[in-house]
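The data blocks that follow each hold one structure.
Two complexes come next, and they have one chain in common, subunit A, joined by subunit B in the first and subunit C in the second.
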Partner chain A sequence: MTNLQESTEQAERKPARFVPGQPDMWVFVLFESLLFTGYFSVYLIGRIQNRDLYLHAQADLDLRFGIFNTIALLLSSWAIARCVQASREGAYRDALRDAFLTIGFGVAFLVSKVIEWTKEIRLGNTFTSNEFFQHFFFLTSIHLLHLLIGFIVMGVAVYQLWSPARRSQQLVETCATYWHTVDFLWVLIFALLYVVR
Partner chain B sequence: MTGTFNKRLAIVWLVLTLMTLAYIWLDHSADDDGVYRASTVVTVAAILIALVKVRIIFREFMEVRHAPALLRRLTDAWVALMAVCLLGSYFIGSALAG
Partner chain C sequence: MSSPLSRLAWNFRHNPKRELWFAWWMMDIFYQLYDVLFFFVTRVQPPASPAWSTPMVLQWFDTRHYGILAGFGVVFLISGLCAPMNALLAYSMRRMSVSRVFGYSYLIMYSLSAIPGMLVMAIAMTVGALRPDRNPEMIHWLFDFAFLSFSGTMGVFMIGSLVWLVAILIDKNGVFPKWFGYLGLCNALTEVVVAPAWIFQRGVFAWNGAIAWWINMVVFVTYTVCFIVLLRKMIEREDFGDGVLPDLPPKVERSQPDSVGAMR
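For the complex of A and B:
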């Protein structure tokens, strides 16, 4: 019995080096960031070919939405990082709370994004208005699609944390890795759409 | 254990948020009475700040700093690759546009 306990404890102890979550998710993360990087390059080159048009159109964006959205997603990333650590230490009640907090900050991002879109469309800036807004609506909607998938992914995390019969730490970490990707892609999109001149 | 970890995560979030707020200042620095002006300094700074934020998210939030060397090197290489692609597109595009 003591031996069994010792070996269980040893197995539960964190190894010095470990890949967070399933390696397949990391392949996906690297692939997605490459895809987005390619698109960012197309956007930057397009921008330079038509500088004045982009600058003029960009002036219609409200930086406050960009800042709010970035901070909302950073908060959600922080919450899911806490969730992973809590779950690793067996504090499942805390982990669940942090998972719901992550979803909450994600919803705040979603709502603010929809308000921003509505505002831009009311100003007359739609997908077909000009090249800048074409990039703007394409990038933000592709990103929002990733966020919506993120809600499903968070559903998986909550499902794992809910019942003692499940609770796979690897799956929780995999979900977190996906969610952080949604966050860092937004960090790049925000800088490129709102701040770059 | 949880205490120190959570404190570290909170500091990471604070640093990332302060870097985000730095954009407010950067955003207006090149403009002329609300008229947007092209600026290489603002563009390069905005891209570099974003890439540093991405690396911090990789290392801290995504726990890459505890990961095997392969993943650490791979994610660093990716950030470098993004930097080359983004800055490269900007500078090559500028050179072509004259």
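For the complex of A and C:
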């Protein structure tokens, strides 16, 4: 009897298992992770086969852009996490402010990325220059496309937070999950393109 | 006890979902035949390299001569199976709580995609294989034309996936799970990746490349298998109403004799 009581109390204390937002979005996260694993594998195989070319081309990248972009997206992830937290607590004005902050950091990333591309193209490093820059422009472009979709997703989050008639916590968390995926993918791209030598 | 044949005959006359099942089976048969014909009979897929010289292209056609002629003969014979398949895809969107514009635009786009993606490619390949003594440069031209035509469907599939994605996300009838909508986004993004095939003749972004073809194909096959299974579930759940699509009853209850389920 005591054991039964103890196990019931333990079960009550244990938080219910759930994933933030729609579980469906986590299927997207899983699938995108697998897809980018494929892209990264192709990049790494190319790199192993032509190490000197990749190292030589990689030297043209400006690490400062990579670091700035990483910080911008990490800050955006921090802002969206605060947005979710505020929304859970019913502080919708704060949540909206954090959602706009997330978009702001995303825009900073976008502007910085366009400046970096322009700089590389002026140096003569284009999509067709060599294998490394094929991968560089491909990975950064496909990631930027995810970021642009992220702005639409953040629009959905703002729309939900704006009116008391809506405010679906699940949708806000689903949007946050998407945004974190964009950040997560960038961290991997940054490590592979800028850091790994 | 009725025989499977008499059950089939009963379903053929009385099953209210017979047209939907017909369309689903046609879709199933179409994709099975498409795979066999393109990969094993004609062997035009996986694609050959765009970097090949004219003698290599001639050799490629030579080893596939009868396969291309016979295989594409069958492709032209079955190409009409696209119609019930596309109709079922559009039907799924008509069953949703969304505007009819979604279903109509999807129907038109996917019907058009069969022209460059299947028929034009098949004609170009057949013309290339038909007369081996033709001008080699002309055969090489047909080779390029065929593979570019096949890759040219990328935009249609991209927009088609996005149309379906939006329809699923705003649908309130629960016709498809939301995860399939998000999978549509993955599929749409991999279609974008085919675009560099217009620039590169070798490497991972060429029309036979690891990124532009192989990874893209894995995603597309996964997406296709998912929607075939989900369309089957949709037909099973269909109640011919216009509200929320009911869930299937638990399996224990489904084991009871059921006239609609008899066909399954």
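Definition applied: the second predicted complex is superposed on the first by the 181 of 197 C-alpha atoms of A that agree within 3 Å, B and C clash if a C-alpha of one lies under 4 Å from a C-alpha of the other, contacts with A are read in each partner's own complex, and residues count from 1 in each chain.
Keep in mind that, in the parts below, a contact is a pair of C-beta atoms (placed from the backbone, for glycine too) under 8 Å apart; a residue touches a chain by one contact, two chains touch by 3 or more.
Here the structure is a predicted model, which means the values were calculated and not measured.
Counting the residues of subunit A that each partner touches, subunit B and subunit C differ, and the larger count belongs to B.
In the superposed model, A:N125 lies in contact with neither subunit B nor subunit C.
In the superposition on chain A, A:Q160 contacts neither subunit B nor subunit C. In the superposition on chain A, A:T140 contacts neither subunit B nor subunit C. In the superposition on chain A, A:S77 contacts subunit B only, with no contact to subunit C. By the touch criterion defined above, A:T102 reaches neither subunit B nor subunit C. Once the two complexes are laid over each other on the shared chain, residue contacts for A:M25 go to subunit C alone; subunit B is not touched. Residue contacts after overlaying the shared chain place A:S87 against neither subunit B nor subunit C.
By the touch criterion defined above, A:G38 lies against subunit B and subunit C together after alignment on the C-alpha atoms of chain A. Residues 38, 42 of subunit A touch subunit B in one complex and subunit C in the other.
Residues 177-179, 181-183, 185-186, 189-190, 192-193, 196, 199-200, 203-205, 210-211, 215, 218-219 of subunit C are the ones that touch subunit A when the two sit in their complex.
By the touch rule above, subunit A contacts subunit B in their complex via residues 16-20, 26, 30, 33-34, 37-38, 40-42, 44-45, 47-49, 51, 55-56, 58-59, 63, 66-67, 70-71, 74-75, 77-78, 80-82, 84-86, 89, 91, 173, 176-177, 180, 183-184, 187-188, 190-192, 194-197. Taken together, the subunit A residues at the contact with subunit C in this complex read 22-25, 27-28, 31-32, 35, 38-39, 42, 46, 127-128, 131, 134, 138, 142, 145-146, 149.
Put simply, subunit B touches subunit A in their complex at residues 1-2, 5-6, 9-10, 12-13, 16-17, 20-21, 23-24, 26-27, 30, 34-39, 42-43, 46-47, 49-51, 53-54, 57-58, 60-64, 66-69, 71, 74, 78, 81-82, 85-86, 88-90, 92-94, 96-97.
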